[in-house]
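Common to both upcoming complexes is subunit A, partnered first by subunit B, then by subunit C.
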Partner chain A sequence: MPADGYLERLKRDGRIVVVGASLAGLRAAETLRTEGFAGTLTMVGDEPYEPYDRPPLSKGVLLGRTTPDHTALPRRTALEADWRLGTAATGLDMAAKRVRLADGEEVEYDRLLITTGVRARPWPHEGEAGLDGVFVLRTRDDATALHKRLVDGPRRVLVIGAGFTGSEIASACRERDIPVTVAERGAAPLVGALGGVVGAVAAELQREHGVDLRTGVMVTGLEGDSAGRVRAAHLSDGSSVEPDIVVVALGATRNTEWLAGSGLGAGPRGIACDAGCRAFDIRGIVTDDIFVAGDVARSPHPLFGYQFLSLEHWGNAVSQAETAAHNMLCASVDRRPHMWVPAFWSSQFGVNIKSVGVPSMGTELLISQGSLAERRFVGVYGYQDRVIGAVTFDQARWLPFYEHLIETTAPFPPSFPTVDRRPEGARSVPAEFPDPSVPTHGPTVTLSGYSPADRRMTFTPGRH
Partner chain B sequence: MTQGSLLRQILRYENRHDPYPLYAELRKTPVLNEDDAYVVSTYREVLTLLHDPRVSSDTRNMTRSAGIDLQDQQDPQDQQEGEATLPPSFIRLDPPEHDRLRRLTNTSFGPPHEPHRVHEMRGELGAIVSDLIGGIDGTGRIDLVGQFSYPFPVTVICRLLGVPREDESRFHGWADTLAASLDPMPGEDPTERNRAFQQARTELGMYLAGLIEERRRNPQKDMLSELATLNGPDGSMSTMELLSTAALLLVAGHETTVNLITNGMLTLLRNPQVLERLRADPDLSVPLVEELLRFEPPVQLVPNRTTLADIEIAGATIPKGASLWLVVAAANRDPLRFEDPDRFDPDREDVRHLGFGSGVHSCFGAPLARLEAQIALSELARRLVNPRLLEDPPEYRSNAVLRGPRHLPIACDDIRP
Partner chain C sequence: MRVVVDLNRCQGYAQCAFLAPDVFEMHGEEALLYKPRPDEAFREEVARAVAACPVQAILVDRLDEAVTAGEASDAR
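Moving on, here comes the complex of A and B:
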């Protein structure tokens, strides 16, 4: 078959370009090599560093337990590649199969993988964002600069936004005994990811550790002194704070601008791809030579009503990269769907928080083990009478069980007894998500099988 | 073969030296219901059940006892159920009590409070090993169990808990008696053994209670002092809780480590090329001990689990209140999980064995046990010149759960300094 001949040639001396040389890019490149790709591999990355790991940047690095230059990702295999570090990709010509680089060069590809991830959303007022002492945290350079200032012993740090990153930064500040104010628009920290009930626990945790937590407020403006250093922040409730460091932790923006006008289905919400990681073009037609993985991807997930999920999760980047790389090298019948069950972890204020599934799709919450008051618990999220997500506070060892419930679309609330069931686990309560983006319900899908490679889907009709 | 149920065959003493073919038979039925016990033997299923919150370690939840009795197979704590004066230790409790006691115990053992405890024992472990090997007469027949693997862990637990040096020999005596009850000799009178066991247990309890009192007044840097003077967010331990915990550490850490070291040396002597590599490269002891925990796990199966609800797994239903046995030694050789599972291969890249269990009850002492075995085996490899087995297979203890040789007769040409 000619297609087979093509794949063989591709593997032997084809050209693969990876744009975005971070976690997803590196893991994909390694997979390409271990799956037998012997051709030319070009790694384009706009950061000047070899691929490094981001989670430590808001944890160990800010605490001085590790330094930013010790965050390089461990290599699984020796990787032969042409590294173009410190060079951004600036354009894509899909017809000519060429990537344009900032230095004017063009690189041709037979297969392209896009793993350009996200960047921190900056403070919206440009002048204020430029004040000395105003930071974001996404890169090694961000972490180096912020850590340096934390070591200097600031009088007060203001963290704007109490998502996971903001909360971790606040936690690091408290551990360094630096006074910190956290301003959050929602009713509690982590409320977008875990809902109001669990958010209330996070709020207590912060206050108990001495965080000056202000919820239900927005920062309306930052003010600098005559030397251009930040000196005050004004809040929507009329109050103000006088920090000498402000960390803006307002989430992320997808790095897709470089694809504008290319014809690829890329926009502010990311790059849409199919379950096999192939990118869609703007016409909604799937491409066959452009693949996407990691934080920049949006892909449909069979367990969650085929909604397109964008996940800023470390584990997703790895798994999707491996799937994309595998699929880049094989015929369509041998391709695998990316069916990773979302999983996330965070450590803050001495608590290890983990989640699986998509808690934010949940409408109901059941504390199936432990207790909120003790801040050691398993919370199960239900959506349309099935288990859709779970979160643990210092109870991570039980998580695989709940992951299995999600994979098998088990009924919610779980009807069976467990160890450590308390009176509060007798019935479920509203999970209290601020803006329930309720997906339309369709047929549900059950995952079964032993290894990820032999997972097969079986369709079961929707429950409603 | 007409020797009755598979389970009975596994428990039968004649099969002690090599139960692995029977485990292979067992794995053909991942969830086997025999003699009213539910026996699970495949890796995925064992791992799943170890993480299933519907599975309880508190046998008070068991409503259908297995028709087959492990009798002498279990640790004496279980045998004494009912007559025991001490409250159950955390290995037999479910969360939240389990978690509370384990957390409290951990404040004086591991991170975040005591991240260096085990590491700091390295020098002391080396010195104990060195003394024990130095005391062996290398010219004749050596029983590695009696002269080395057995005294080593008891001495370690004494130092860990903070038993004064001058009391160590008394402590060894009690530990011997407790361990002997795990290893009944054929033809021996069980009532006599039980009486001796009870007496040792009472004396040990009284001794520890006195020591705890002493350490409350004069705290030292040891574990007993720290546990006796705890006062953190989780509160403190009552004296009774502390006594059960100390007894648990002694029992759980003793026979297991003996067997790991003995099984280790036996396996090395059966694989001389690996022994040779270890002699040249002591760092090999790290992956080697992991592979040993997979290949010859000292705890062969985890009994005493029960179910709080009907559990469906691998096409079977385990009913509520069942007696559940998780055969980690069979799971560790599941060909669906490990390539060429019956081969001892310290170079295996993926060796996530279940030798220390998994989930909330996973071995508390694992970091210490690992270090003990690593030091012991690399030192034995370095110092014994041309060691060889005098009996293969050696004579085993009767216990099928904590499985290991009763004696390991070896000889060598010399002992290096």
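Moving on, here comes the complex of A and C:
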């Protein structure tokens, strides 16, 4: 059977199933249609909503600038898909090429794309997690519930975990003039993603905006009143806080449980795939009909020593989804590798924070433009004498330049003069990343070694 | 109508906030906040912002096709 004949038929009347109907799933589906896929397209999503955008949930939504039900993503093309929303996929039969759904139905595929993303890691003590007033923030429903309570004017909000999401939530609370305590077990906010030097700037920002920031502490327990409403949180330093809202922002867990026993290389670290987005099975053999994209994927990256990278980044979901969709319809010679340079943004306390590359791989940091004290700077991260990442605080326009340095594995420290170089930019300093084997608050980039199989790893969830 | 901005691309030059102030606003010096579901009445304004954005970061749904009702529970 000539391969091109098969692809032709696949495009004309094949069956493609996408499991996970969010950003990556939608962008992949659009690409499938624009690249000529005319067959049956099934979109399976366990949330009852059509694909929506998550970044506004911790920003514009909490600030009241928009509402959670107004975040549906624009469509670039008509999909003419069979939508199975509000229905989870519960199993995969790789041999029969079938996806099992929660309602008992089974959907057959010629090509499968898995974009099931991640979910918020809940508070580890179930009883405490169930107290009224304890929230996580990942979905539209989470945002609706949290926003409603913020509008009611809480006495105090406690945010557990000062990663990007936790920090953005704290920022929104302060902008609404709500008293907020942030408890972080690392030395500073954002340390996992940006290191201690930049984290210290984030800490100053928080304190200046009136956040009661407690670092180097863990929340040891939450306490409810007789009506089951949260009323106190106890910290490892012996102190306690009396919030009426607690937001647990301890990072994310990959949605791979539904693949248990399927034979696919899926586990707590995600689903391993090759640079062309094809999933590995548990034997480490690449499949040719199952593809992966977005937050749930871990894929090898040539710029970072071919280590598997998991990226919880909006831009990665878009780019990987488009590559996966393209490759699903192609013969091997026409496939493209997913070589996106990681990039991320966050806005908090009035500052626009952006990064490219993988700062958390960096051992050294050089402030190449501006100054930490002014909260307006470019920081370049170095690893083994090359530029591996960069971060900007209110200096976004310089970022493409640094992205180019990362792409071309330029030497670190950069040898050229830069605009607005200050005395502090004369030499590099240690970037001060915490020990990566101790997860703090769910870093948004995870390096996960060279093995496509996930069997040997032991997972230590971010206990608080 | 629906709008999404690729904030990795956006460089905060604020052309959009100038041309469609009902939809886009600067939040601090260079962070952009926008309404992802502005009223249909702003379509022209938004189209001007899309055209003016120097890095083509703004994506809007196509005018001629509303999402078909029944396709999804939120399709209003």
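Couple of notes before you dig in:
Keep in mind that, in the parts below, the second predicted complex is superposed on the first by the 434 of 464 C-alpha atoms of A that agree within 3 Å, B and C clash if a C-alpha of one lies under 4 Å from a C-alpha of the other, contacts with A are read in each partner's own complex, and residues count from 1 in each chain.
Just so we're on the same page, contacts are C-beta pairs under 8 Å (C-beta built on N, C-alpha and C of every residue); 3 or more make two chains touch, one makes a residue touch a chain.
Fair warning: this is a prediction, and the values are worked out from it, not measured in the lab.
Set against each other, subunit B and subunit C differ in how many residues of subunit A they touch, and the higher count belongs to C. When the two complexes are overlaid on their common chain A, residue A:W345 makes contact with subunit C while staying clear of subunit B.
Of the two partner chains, neither subunit B nor subunit C is touched by A:V241. Of the two partner chains placed by the overlay, neither subunit B nor subunit C lies in contact with A:A187. In the superposed model, A:R397 lies in contact with both subunit B and subunit C. In the superposition on chain A, A:G370 contacts subunit B only, with no contact to subunit C. Using the contact criterion defined above for the overlaid structures, shared-chain residue A:V286 touches neither subunit B nor subunit C, since it reaches no partner. Once chain A of one complex is fitted onto chain A of the other, the partner contacts of A:D420 are limited to subunit B, with no touch recorded for subunit C. After overlaying the two complexes on the shared chain, residue contacts for A:L7 are found with neither subunit B nor subunit C. According to the touch criterion, the shared surface of subunit A, contacted by subunit B in one complex and subunit C in the other, consists of residues 350, 397.
Note for the complex: subunit A touches subunit B at residues 350, 368-370, 374, 376, 378, 397-398, 400-401, 404, 416-420, 450. Contacts from subunit A toward subunit C in the complex involve residues 48-50, 52-53, 55-56, 59-60, 63, 65-66, 69-78, 81, 83, 85-86, 314-315, 318, 343-345, 347, 350-352, 354, 394, 396-397, 399. Residue ranges on subunit C touching subunit A, taken from their complex, read 1-4, 6-8, 10-13, 27-31, 33-37, 59-62, 65, 67, 71-75. Remark: subunit B residues 44, 48, 51-56, 94-96, 99, 112, 308-310, 336, 359-360, 362 touch subunit A in the complex.
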